[in-house]
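The structures come next, written out as structure tokens.
Both complexes below contain chain A, partnered by chain B and then by chain C.
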Partner chain A sequence: MALIIRRLVAILSSLQLTVVLLIAMGTLVFVMTLSQVETGIYIANQRYFGQALIKWQSPWGDIPVFLGGGVIGGLLVINLLVAHITRFKWTRTKIGLWLTHVGLLVLLIGSGWSAIQTVESQMVIQEGQTVSYSEHLRTLELAIETPLTPTQNRLWSIPDALLTPGQVHRHPQLPFELAITHWYPNTRLEINATVGQGLPKATHGLGKTITVFPMPPILRDDFRNQSAVLVTIRQGRQPLGTWLFSNGLGAPQPIVVNGKTYAIALRPQRVYHPTRIRLDQFSHSYYTDTNTPKHFSSAVTVIEPDGHAHRATISMNHPLRTGGNAYFQASFGQDGKSTVLQVVSNPGWWVPYVSTAIMTIGLLIHFGISLVRYRRKTP
Partner chain B sequence: MPVIRWVQQHNHPSGHRAMVTTMRHMAPCALAVALLVALLCVGGCQSPRITVSDVPTDEQVAIPPAQSHLTFHATPPPNWVPKPTGAFLLARFDIPIQTDRVDASVSMLSGNGGGLAGGLLGNINRWRGQLGLPALATAPPLQTVSIHRIVYQLVVIRHTPQSMAVYMHTKGDHTWFFKVVGPSQHLAAAQTAMETYLKGGQWH
Partner chain C sequence: MTKWWQWAVVALVGGFVISGLIPRSSGPMNWEGLGSVPVLHLGRVKPIDTVARATLLSFKGSQSLASMTPVVHSPTEWLVTVMLYGTDDMPLFMVRQSEVLNALNQNPESKPVLSFKSLLPYLSVIDTAAQHANSKPSGMRTQADREWMRLRQNLSFYTQLKNTAQPEGVPSFSVYATRYQAILPTYRPHLMAHLSGESVDGGMGELVLYFKQFQHIANASAFRMCPPDSPNGVWKSVGDGYLVALKDPTPHPVAPLITAVLAAVDEQNPMAFNRAVTQWQQVAHRLIPTDTLKSRIECQLNQGDVMMKWLMVYGGVSCLVLIGWLWPTPWVFTLATRLAWLAWIGHTVSIAVRMALLGRPPVTNLYTSAVFVGWVAILLALWIERRSRMGLGTLVAGIVGFLTLLIAHHLSLQGDTMEMMQAVLDSNFWLATHVVTICIGYGAVFLAGALANVGIVRLVIGRMDPTMKSSLTRMVYGTLCVGLLFSFIGTVLGGIWADQSWGRFWGWDPKENGAFIICVWVAAVLHARWGGMIRERGLWVMAVFGNVVTAFSWFGVNMLGVGLHSYGFMDQAFFWLMVFNATQLIVMWLAFWPRLFTR
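Now for the complex of A and B:
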């Protein structure tokens, strides 16, 4: 047992492992760069860094072929930690090296943590509108809303990860339960279709006349799949009907239960912010005789949770930072009267700055000590 | 054999010392690995769940991006008779031509390509089905019409007794359909009426 542990420690602390892991990481980044040409950055990132193992989809099932980027990064951290604990000796002359490695560890661990914690979403505002939420670009939610006051709703949000067929969702505050019968990541919806008579259909709501044709999901950054879900709503054991919800249908569908109206919609997952943003004016200009934007900016009013309001301008490379979020000018509506802001919540934004500072100090100390030692030895 | 070696080390005073040394080395390593896993799990191991929150009503907040930023405004001719609209119809009219009536409709659907609009072939086959014609395997080449610098794709489906013409305009992720359906002998007149309607319209 001791031998196994010692061998394991020897492997985990070896320089060979460091080299192998660095080569593996470089290979992964190279393959991912090629892959993102077809799939876009988000999907490539999820495929190569968001999973423990990279799998090849074969006719016989998914076959793991390589380690995921997160695992390789984690192994690098463990490699560095174990090497330090077992091989490096704590002496005054090595304080620079120690600091450099601490900085590297902060960078590796902090980057992993930051990647998990970062939330990116988009906020679309029309001129004159005040907005308090942004929307995820990739994830959807089945949103159930009922009015509490004229200005406030109660929202139950079921993430799309839970919309798998066979699942039944209940909540103590909801007088009904939702049984998911079908989930389609991408669809073509046809009204009064002459084909597809055997396909499952809604019995109530907008979807009664719509046929759902499943489509393979399209993996591109600039494409939003039109997902759809068929849900049977039951009160107790009594089924109330089956509804079709899709992010292509737009408006929510009202369902009345016990005299109370619940508006249900499948929509991009929302992130509500305590700080509200009003778009006062959007302005943009193009390079002469082209459709290439030269400059675009949003004059906004930021309304803090306490009601205090102040004006700000968001433009390319000049984000607004407030309420723990950074608001970047990302795009604008084709009518030129609306703006699209990228809302980034990244609690680990300080990681690269702090880790680089620690590493710089460590290297300066290390080279300083070496220089002094060299000067002392040289007559 | 590791087990025999472990027993030998464990029973031998020097082996026991080696074991203790190894364990001394291993304990901080295990602690470091456990800390790393715990740190990443704090942020990364949250499973999806239903959340409940009180939020501002949508009247206070934004129009979702699923809705189009582009709108079409036009005043129909006085002889066009408005008809009730449906879930996807923005406007619907009866155009009186001679003693007959031609159905005109304006609809806007999201999901260009693989989306709700059904793709070009899907739409053409749906319209052919409405006229009682069989589906096509491939989409026919379409002519384009420019009306006030706005380019429309034009689908004309002729049959008896009814025919159809659809003017399609795609902008971003949305497609507008301006459709006339009626007796085949009035199709040309209906097309003219629809083009006049489009000429008088404004895109915002």
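Now for the complex of A and C:
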């Protein structure tokens, strides 16, 4: 037993393992880069880093062919830790290497943690409009809103991951329950279609005249799928009807239950922020006679939760950081009167800065020592 | 004794290159002077010569004017001919895609260059196809789509060109322009009254005729030739330059000069031509002195084509060292090294001039990255040569210089290499730090690979004494360390830039992946060396593979079918990248020749 452990420690601390893992990591990223052409960055990233094993979808079932990025990274961390504990010699000339490795550890562990913590969303604001929420690019929610006070709404939200057929959603404060009958990740919606008679259809609301044609989801970074969900709304055992909701439909559909109106919509998942942002003016310019944007910026007013307001300008390479979020100028509307801000909440933003600073110092010291040696050796 | 003639050779070569920069007149007409006049094209002030060259490149993929009728001698002369008469019969438009060529009833095998006239019947076909392509998201466009869009853009630019200085099909435009200026004083009271809302009974018919012509060329103009004439002024087209005279006492000073230049060309009158060009230069100098000077320098650089000459010098340096190895004579190495330093200094000056012209750090696009990566690798190689003096460093400097400038030359054939920066890249600070550092990293990793290449080939075809061999190994190792350091710092700086502008440090996009793979590969090589897994041969072989890795990161990711630069040229470039990779794999295989590393 002790022998096995010793052998295992020897393997885990070996430089051979380091080299193998580094090459494996390089290969993985190379293959991932190629696959990004087909699937876009997000999906490729999930496929190669989000799973423990990368599987080849063969005719005989999924065959694991390679380790996932997370596993390789984890093994590198273990390799590094075990090597430093068991066989690293603490000499003055090794201080650079030591620092580099500490930095690398912080980077690997920290970026794993920060990847979980980061929330990215987008905020679209028209000139003059004040907005308190941002939207996720990839996840949708089924939102149910009802007025609470003249200025405030009450909101229930069901994330799209829970919109699977057969699921029934209820809440003590909702007088009805929602039974999901169909979910389509991507669709083509057609009004008064002459074909597709057998396809499931809504009995109430906008969807009565709309036929839903399921489509294969498109996996691209710049493409938003038009998802659709069919929901049967029931009060107790009594079905009130089946509605169609889709992010392609726009405005929410009103449903009246017990005299109260509930506006329901399938929309990009929202993140509400205590700090509100008003767009005062959006300005952009192009290089003369070209479509190359020269500059674009948003003059905004930041309204703090306590009502305190101050002005700020957000432009390319100059984000606004407030309330734990950073707001970046991402894009703008076609009319030139609205702005698109990328809202990022990342409590681990400092990890790469600290870790890479340590690594840089380490590398400089180590290669500095090597350089001095090289100069001494060659006459 | 040997010294003075070596310096003489160096001076001679330097003089030969610099002599290309001295303006030479090629006939009675001062076309060079006209070519250096500044205009505003695609958001940048540049000499007419650059506009003409970039347009030719974009149309027919080369600047060559050979076998063209009517005969023209310079890009500027061609551009003026287009503006004056049009060149509808001239084969101008290169079409490469076989799908597109079939639709145009052309034989794809013949690789035709088509004239505007032969494309005329297909204008609506081209328009429809290009619009269809344009409606697709950029990532979904096929090569044919991009070719349709390119063709349409070129044809529309050509039509604009014919309506930039004067309306198409009006060769005697100067007569109208003179008449317009002559009648203006008479009509101005009428016009003022009209503009202030009073009804004017007739009498403006002739003015309206000219007004429409100017309005037409103001709308159709391909680029702007009238520099701003007040502190807050903007560049104006020729049409607008004339139209301002409706309110101001006179037209923009440059507008009539342009008309005079074209009229002089039409009349084949060198005296009038040269006078108008000189006046235009003087006006430009008075209005925008700095831009005028910059344009003149840029025009000289275009015509001198210095980089091409340094490329030849680098090639010559490599040959000299090889000769020195075949017939060992010490003076060959010193001469080669001196010439390499000369070329490197010239290379440096070219980069510096470019930086001054653009007000930018050295690397702003793929073309400049090739020039700069070469510059870094050559500097490191020459430094190595100073320390080892075996000809190795000089040879590698020559080879790397030759290859990177050759790549740069082909990249420059894509169009204007000083195009304006996208808003997101418009940050001199990050361009100066991140981009420069990462290019130094590329340069060092390539240098290590080049050293290993030379080492392996030399071992295969000849002998190498043990000191040279171990010294080469140390060079490869040291250069890889430098490569890792700069690649890593550069990648980190890129992350910081991304974090500053998009809020994420790392997003696994193709360019980031490329940089990551370089760092990981070099780290793997160094760890394999430290762990004793590889010795001399292993280090050399892995360094050679570093070239493949770096080439992928530098160019390969640009060929992944995304972005603007992925048409035509990139298909060809992909082929050459594969050829390069193949040579590197062969060299790696050669290293495993029996007894290569044991004797």
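Following the convention adopted for this analysis, the second predicted complex is superposed on the first by the 321 of 379 C-alpha atoms of A that agree within 3 Å, B and C clash if a C-alpha of one lies under 4 Å from a C-alpha of the other, contacts with A are read in each partner's own complex, and residues count from 1 in each chain.
Here is the rule we use: a contact is a pair of C-beta atoms (placed from the backbone, for glycine too) under 8 Å apart; a residue touches a chain by one contact, two chains touch by 3 or more.
From a predicted model like this one, the values you see are computed outputs, not experimental measurements.
Visitor: Could you classify chain B and chain C on chain A, in the superposed arrangement, as clash or fit?
Guide: fit
Visitor: In the overlaid three-chain picture, which partner chain does A:361 touch, first (chain B) or second (chain C), both, or neither?
Guide: Neither partner.
Visitor: Which holds for A:353: it touches chain B only (first), chain C only (second), both, or neither?
Guide: second
Visitor: Which holds for A:31: it touches chain B only (first), chain C only (second), both, or neither?
Guide: neither
Visitor: Contact-wise, after the overlay, does A:219 reach chain B, chain C, both or neither (first, second, both, neither)?
Guide: The answer is neither, since A:219 touches no partner chain.
Visitor: Identify which of chain B and chain C touches the larger number of residues of chain A.
Guide: The partner with more contacted residues on chain A is B.
Visitor: Just checking: does A:299 make contact with chain B only, chain C only, both, or neither of them? Give me first, second, both or neither.
Guide: After superposing on A, A:299 lies clear of both chain B and chain C.
Visitor: Using C-alpha centres in the superposed arrangement, which angle lies between chain B and chain C as seen from chain A, in steps of 10 degrees?
Guide: Here the answer is 80 degrees.
Visitor: With the two complexes superposed on chain A, say which partner A:158 touches: chain B (first), chain C (second), both, or neither.
Guide: Touch status of A:158: first partner only.
Visitor: Once you lay one complex on the other using chain A, what is the shortest C-alpha distance from chain B to chain C, in Å?
Guide: Minimum over all C-alpha pairs: 8 Å.
Visitor: Using the superposition described at the top, list the residues of chain A that contact chain B and also contact chain C.
Guide: Dual-contact residues (chain A): none.
Visitor: Using the touch definition from the top, list the residues of chain B that touch chain A in their complex.
Guide: Per the touch definition, chain B meets chain A at residues 2-3, 5-6, 9, 15, 18-19, 22-23, 25-26, 28-29, 32-33, 36, 39-40, 43-44, 48-67, 69-70, 87-88, 109-111, 114-116, 118-119, 122, 125-126, 129-130, 135, 171-173, 204.
Visitor: Quick check: in the complex, which residue numbers of chain A touch chain B?
Guide: Within the complex, chain A contacts chain B at residues 1-6, 9, 12, 74, 77-78, 81-82, 85-86, 109, 112-113, 116-117, 122-126, 129-133, 135, 145, 147-148, 150-159, 161-162, 169, 171, 173, 186, 188-195, 206, 213, 215, 218, 224-226, 246-250, 267-268, 270, 272, 333-335, 337-338, 340.
Visitor: If we count contacts the way the header does, which residues on chain C are in touch with chain A in the complex?
Guide: By the definition above, chain C touches chain A via 40-44, 137, 139, 223-224, 234-235, 387-388, 420, 422-424, 426-427, 430, 471, 474, 478, 481-482, 484-485, 488-489, 492, 495-497, 499-510, 513-514, 516-517, 520-521, 523-524, 527-528, 530-531, 533, 549, 552, 557, 560-562.
Visitor: Could you list, by residue number, the parts of chain A that touch chain C in their complex?
Guide: Those residues of chain A that touch chain C are 14-16, 18-19, 22-23, 25-26, 29-30, 32-34, 36-37, 41, 44-45, 49, 111, 118, 120, 220, 222-223, 286-290, 292-296, 316-317, 319, 326, 328, 330, 342-344, 346, 349, 352-353, 356, 359-360, 363-364, 367, 370-371, 374-375, 377-378.
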